[in-house]
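Two complexes follow with subunit A in common, the first pairing it with subunit B and the second with subunit C.
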Partner chain A sequence: MRSVLLVLVAAVALAGCGGSSSPSHRTPLTIVVNGPFSRSPYLGRTIENGARLAVQEVNANGLRVAGTTYELRVRTLDTGLSPARAVANMRRAVGQDAIAVVDEGTGIDASWRIANDAGVPIGVVFEGGRQIVDPVTRPNVFRIAPTDHGLAFRLAEYLIPKGLKIALMHDDSDYGAAGGRALATAFSRNRSSVAIEETLPADALDLGPQVLRARRAHATALLVWGRPATIAAVLTAARSAGWNVPVFTPPTGADPFVRQQLADHPQWVDGLTFAGGRLTAEVGTGPFLTFEQKYESSFGVDRVGVKTRAGRAVVVLPETAMYAYDFVNLVAAAVLKAGSTAPPRITAALNEVTTEGANGDQRGFNRNNHEGVVDDDIYFARFHDMTYAPVKDDPLSATLPTLPQTR
Partner chain B sequence: MTAFADAFHELRIGWRRRTTYAFAAFAIAALAPLAFGEARTADLAGGLYLACAAVGLAFAVGVAGLPSLAQGAFVAVGAVVAAHLLAAGIPLPLAAVAGGLGGSSAGGLVGYAFARLPRAGFAAATWIVSWLVAFMLQSITWFLGGSEGVVVGGGPTASGHYELALALTGLAALGYLALARSPIGLRLAAARDREAAAAALGVPVLRLRVVAVAASGAVAGVAGAFAVQLAGVGDATQYGPFLSFRLFVVVLVGGALAPLGAPAGILVLGVLSVAADFVGRLENVAAARAHTLLTAIMLLGIVSLGWEGIVRAPKRRRRAGPGSGPDRARPATLEARALGKAFGNVVAAQDVAVGIAPGRITALVGPNGSGKTTVLRMLAGTIEPDEGSVVVAHGSVARTLQATAVFPTLTPLEHVLVASAGRRSRAGLVRSLFSTPQARAEDAAYVAHARAVLDRFGVLHDVPAGELPVTDQRALMIAAAYATGASVLLVDEPTAGASTVEAARMTGLLRSLRDEGLALLVVEHNLGVVRRLADRVVVLDAGRVIADGTPDAVAADDAVRAAYLGRRSF
Partner chain C sequence: MRRWTVAALAALAVTGEAHAADFVALPSPLAPLSAAPPLAGGATASSEGFRHRVDARTTVDVSLDPDGTPFRISATQRLDVRVKGDYFFTIGAPVLSVEAAPGSASTPGLRAASILWAGFNPGRRRLIARAALDPAAASRSLPLRGEAAPGRITLVNATGVSAGSFTADAVVPPRRQYLAGLAHDVSRGIPATSGGALVTTRPVATKVRVAAPLLVTGTIGRRHVRFVLEDRSTIHAGGPIRLTVTPQDPTRLLRAPVTGLSGRQLLDRATRASLTLARVRQYRTFLGNPDATGKSRTTYAFRTAARPAPPPAVIEHHERRSPTVTLAAVAGVLLALAGAAFAWSRS
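And now, the complex of A and B:
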């Protein structure tokens, strides 16, 4: 009898000692998404959705460290595209014991220090200047997105051999100005390819005079680095004047706003070519399509708001969400690698882990490189009938499949 | 040591319950970083820097009566200056001083450009300045580095900034109190209440208003400098016109006439931001827009209800003391020769000669429209004559206005102090700000002198002048003119609307001033008063002198009878 009682007591004690795997006993871990929700709602939302999708999957699989099961949760903070608010948000994130911050990039030059003092890693998931990421001076800043430098050099590499006389046009937004500087560097050794350089007023509705100047300078191609509204205005100005010059852009050319603005003249979008980060990998379209399916199941389809000539609705491919998704997965992997939820150890472990990205690529960083998208992974796609397909006259792009963009 | 002992003694005498409350509030507030994390403490510090800027604005709005909507622009100037200096490695204290100088310069420029405008015009002009500055900051990336801003590293922790901001706000409030009580503040308040009457008492209205806006700009610049270091980045989007609007609402909500009104207003705005977040979430509106909406609604409510603020103006007690008050006026004469003035085709005065001798009363009479007021304004120097000259030997001229024009929010004691302020030697900006022992001693002596003057004129000392009977208000106007130390007094219709008894009181006062050796010119319609009072009478008709002599001689003059008296007589 005594031994039975002892066994029962031991069983009860053992049952109470172990970590519980039931959701109600999970310790929360916060990941903060610091994005421009009020000023650029689409961008902010896709970043948030990408992070949430990864969090859902990690929680479904369970994140267990040192006998404790953790549950990731996402908190959003709005930067409003203001560096000062971004800094204040970073303080809040640190104050909320965030283990990582997914950031659009505004104000990073000021806010990274605050996160670094607490050892919190930051994942920048939108394109930007080179100076944002430096593994030596900013050990806690990582990026999974194309860089301005990479985009500009790939554009130069793609366009110069074509023998075109290119009008380099950028708007006077900060995005455009940064791109203008990157283009100036990229084309610095091939000035003969440049017909003219123009600065465009951002958000101007009519860019006729500027486009006319490019035409008079005998440009045979336009390279427009600016906000979606600027790109739409350039296309309108050129096409309405009967000038069917090829137009090339950075990833903002694929922004839904461009197609929405030109919905009445879909043929004006035909031929628009943009540079962007590769959405698929060597393994094929499977991983990205799977990711897209999961994304749409959780958050619905992002419609552009236009239709093809056949009347099919055009949808947006979740590229930015993919980068946020990949970073959160890397953070989860880093937590497991570090065997700790302490942010400084997560940051260190991020240099040692890799995961399979949403598009099938291996994503990871190391102590000398915190860029998750290499410059070589930039491809070109061209619009036709409101959807786009990789171009055939670029070695990388020619190997990539066309992803379905209609429903 | 004596100076410290005196100061401590005065502090003890002046200590009130609300002073205890204020100190207690600051002491409790200083403990806040112990209760909050770094992020919240940084937010609170940012709010306190705003409160500091708002205290500076309260001086311009409340004391000077200038509805400035450019305070946010001055904060921006301080921030830009400091951001660049800090980024270049200059220490924070120096950068803050530079920011203050920048804000002060900007404020001085704005004050100089727009202080002449009426209030609505001043508000509109400063609002445009706010927009211009915001536009420049966003368009010209050199100022604040475009979308990435100018990164500012180093500096105190969030807790350090909080304590710094609290101390700065307290110092700003003390500075407000010191300046509001000083001759500078009194003269600004007088100009706020009645600009023409203040100018008639020798108040340099424009100069003081420029000083007021410059001072508010200095405080804003310092606050902006510290705040940009706290933010870690100079961000152009933080200095839009809404910042000026918000600071203005804070001042109105908290109370523009109380040094701690602005901090109270910041507290209210803090509560409002919580409400704005809630409204924003309910209506799916960005919090920033909801905040703007609620702030605008609050402003409309304040303006329509005539709200005076959460914190009322402190009672103003002044200590009288020994010491030499203002010197007595030296006897002086005024000679005006061949004065002429035309307004378009209307000749208001032509070839007018008037002489006013010390120890004598000269009356200037004439029918309505004869040019008396024009001649008076030329004699006072308010307007330039087209012809002729006015020469005052050994003294100055002061004038009372025709209409009863006291400063309704000031007490009679303060009226006299405003008038005598021009004679002070220790009432400059720095001495007033730091309330030096010599400044306080001089103030006590002038208060004693002012009380003596009011006793002589039979006017109560410490009630708002707007609540005095009309006759007392007129007596106060003359007392104030007397207190300027002018040797020549120009008194415009002192017995207008007075009863026989009141008129007798006025004539008695004027005779006593004559007997003291002052030279007086009295414009009067009451011919009985003129007969009893004047030593000499000058009669105007259609802008010309038609008689000049003793009352008896003038009364017998046919031309005077024909033009003015008709069937009436002296």
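And now, the complex of A and C:
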């Protein structure tokens, strides 16, 4: 009996020495999501969900570094779209020994220094302003999101050959102002294509006068760079005046808010064309649909809150979540590459790793370029019946399949 | 063609009666004979289900100091990419820095030991990178070495390598045909493919030393040179070197008459030609080509140049005070203290 007990004790002890450690024996590593949870809840939540999904997958096996198994944990901090709060959040993130920060982008011009002093990498997954990322002066700032520069140049490349007279309109939010600068640069060599340039008040409900000015300037297309509310207001002003002018936007045109605002007039959304980061790779829709399925299994379906004419509910494709997901996966790969959990070493290793992104594309940074979405990956999609499909008159977009957006 | 086939079959039949002819694979004209070149493991393409067609043209600029030692190496690689779709190329190299050269449709990325290209090719795209390479690592893979002495310089073909091979008696007609096929492919710029041989005796392992022939053109001092360097050559001239070196196909080997050669001699020549082609291919892909079957060319330009002056040494100025000054200072301090003590005692 005694020998049997000894064998049992030995067996239990040996089992404890096994390769995979249980989550309770793992050392936590914090990743902070710094997002606008109170002012732009959908955006904040989708960034958080993307990060959490990647963390779940990484933690399935844990991160084994130098004999210790680590697991990632997500902490969320609300910027409320306030740069001051974003900066304060960054101090907290550093104080909580975060190994990385997934950031929407608000206040990054000030907050990056705080993170940089501790060597903490920041992954911007929404704001596209050109000044945000600079591998030389801001070595800890990375981005996985289409850049304003890339969006503006792709829009110019797409629109100028069409011979349109374009009204360049941007709102006075940080996002709109940065976009306005990018558009000014992109159209600087083709001023004859520009009918008028206008700055729109971001909080205005009625943009009728500004839209009327564009019409009187003989604009034959509106290119509107602003928050979703601005785009909805421009569409309302134009369509309610009976002006069926084509409207082009950056990715905010696909924000659910635009369709929610125009739910009573779904035909006003028809034809709205936006530029965005491609959601699928050459391999097809498979990888993205798999990612979407995992996302929905974990967090449920994000519904736009509108229906198609056939009565089917329209859902949001988790584009920004995909960027957060990819960044967290790159951080995990960088931890393994660095063989260390020290933030400065993770930051350095982020320049050297590539992972397969949620859309099947190769995702990674390098020493010269901290942009995870290259300009070539920007495509155009057009709305019809509250859902959108890639356009056929652009070489890249024409190769992309349409993703299902109803349930 | 039909005549060759009939002859080969007849030969087979004859040898089949004497010895059972064995089929053995010849050394590949494509497989590298050493780890480098291409540098740092070569190039890869992370394809998404299809392959881009890529032609690579590389110019390697080598700066030499007066004794012929390379001290700066840069490479400009032009990739002509065809086939619509995404691309993600990794070009291995001991790269110190990289930038897009004029005419490039995109900007290259830099990692610890590679150049990165990523983007969408709408049909045809030219990607041009200019990279500064670590001379200590890259110079080991240069095809030419110079040994300077007063009034002369010896140019050494540094591509030589010992490769494993074999020798045996072989059936003659297929060997002739294989050599003719190799020469045909090479003359048309088609990548040569591997072949096999019917041998009638047991193959014996051997070592063969092969080198890529190098076309050397340019000037050494005032002397113009243009010749194919197979091994080494001493030029009686001195002065700055301005030489362009291009790996050449082994045409001498491929075009030499085969009449009267035995099956063993033909087999030896075929294996040597095959191995030499493999070596030439290596030096034509100094930086690698993400399309393994794409065309690759590399030109090496060797130039004598002045080494950059080392950064000026920091001169630290230590003010050396004379003992007299130091004594005077100490005396002054003591006097001041004594004065202060006196004033305090009186207060």
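Just so it is clear, the second predicted complex is superposed on the first by the 387 of 407 C-alpha atoms of A that agree within 3 Å, B and C clash if a C-alpha of one lies under 4 Å from a C-alpha of the other, contacts with A are read in each partner's own complex, and residues count from 1 in each chain.
Keep this in mind: a contact is a pair of C-beta atoms (placed from the backbone, for glycine too) under 8 Å apart; a residue touches a chain by one contact, two chains touch by 3 or more.
Note that the structure is a prediction, hence the values are computed from the model and not measured.
With subunit A as the common reference, the superposed partners subunit B and subunit C fit together side by side. Of the two partner chains, subunit B is the only one touched by A:Gly107; subunit C is not. Once the two complexes are laid over each other on the shared chain, residue contacts for A:Val87 go to subunit B alone; subunit C is not touched. Of the two partner chains, subunit C is the only one that A:Asp377 touches; subunit B does not reach it.
Of the two partner chains placed by the overlay, only subunit C lies in contact with A:Asn368; subunit B stays clear of it.
Of the two partner chains placed by superposition, A:Ile196 touches none, neither subunit B nor subunit C.
Contacts of A:Gly360 after superposition: subunit C is touched, whereas subunit B is not reached. Shared-chain residue A:Ala238: touches no atom of subunit B or subunit C. Once you line the two complexes up on chain A, you'll see the smallest CA to CA distance from subunit B to subunit C is 13 Å. When both complexes are aligned on chain A by C-alpha atoms, no subunit A residue touches subunit B in the first and subunit C in the second.
Subunit B meets subunit A in the complex at residues 37-40, 42-43, 46, 141, 146-149, 151-153, 158, 231-233, 235, 237-238, 286-288.
Those residues of subunit A that touch subunit B in the shared complex are 38, 78, 80-85, 87-88, 91-92, 94-96, 106-107, 109-111, 113-114, 173-175, 177. Subunit A makes touch with subunit C in their complex at residues 281-283, 351-352, 354, 360-362, 364-369, 374-377, 395-396, 399.
Chain contact summary for the complex, subunit C toward subunit A: residues 46, 48-50, 84-86, 88, 98, 106-112, 116, 118-120, 122-123.
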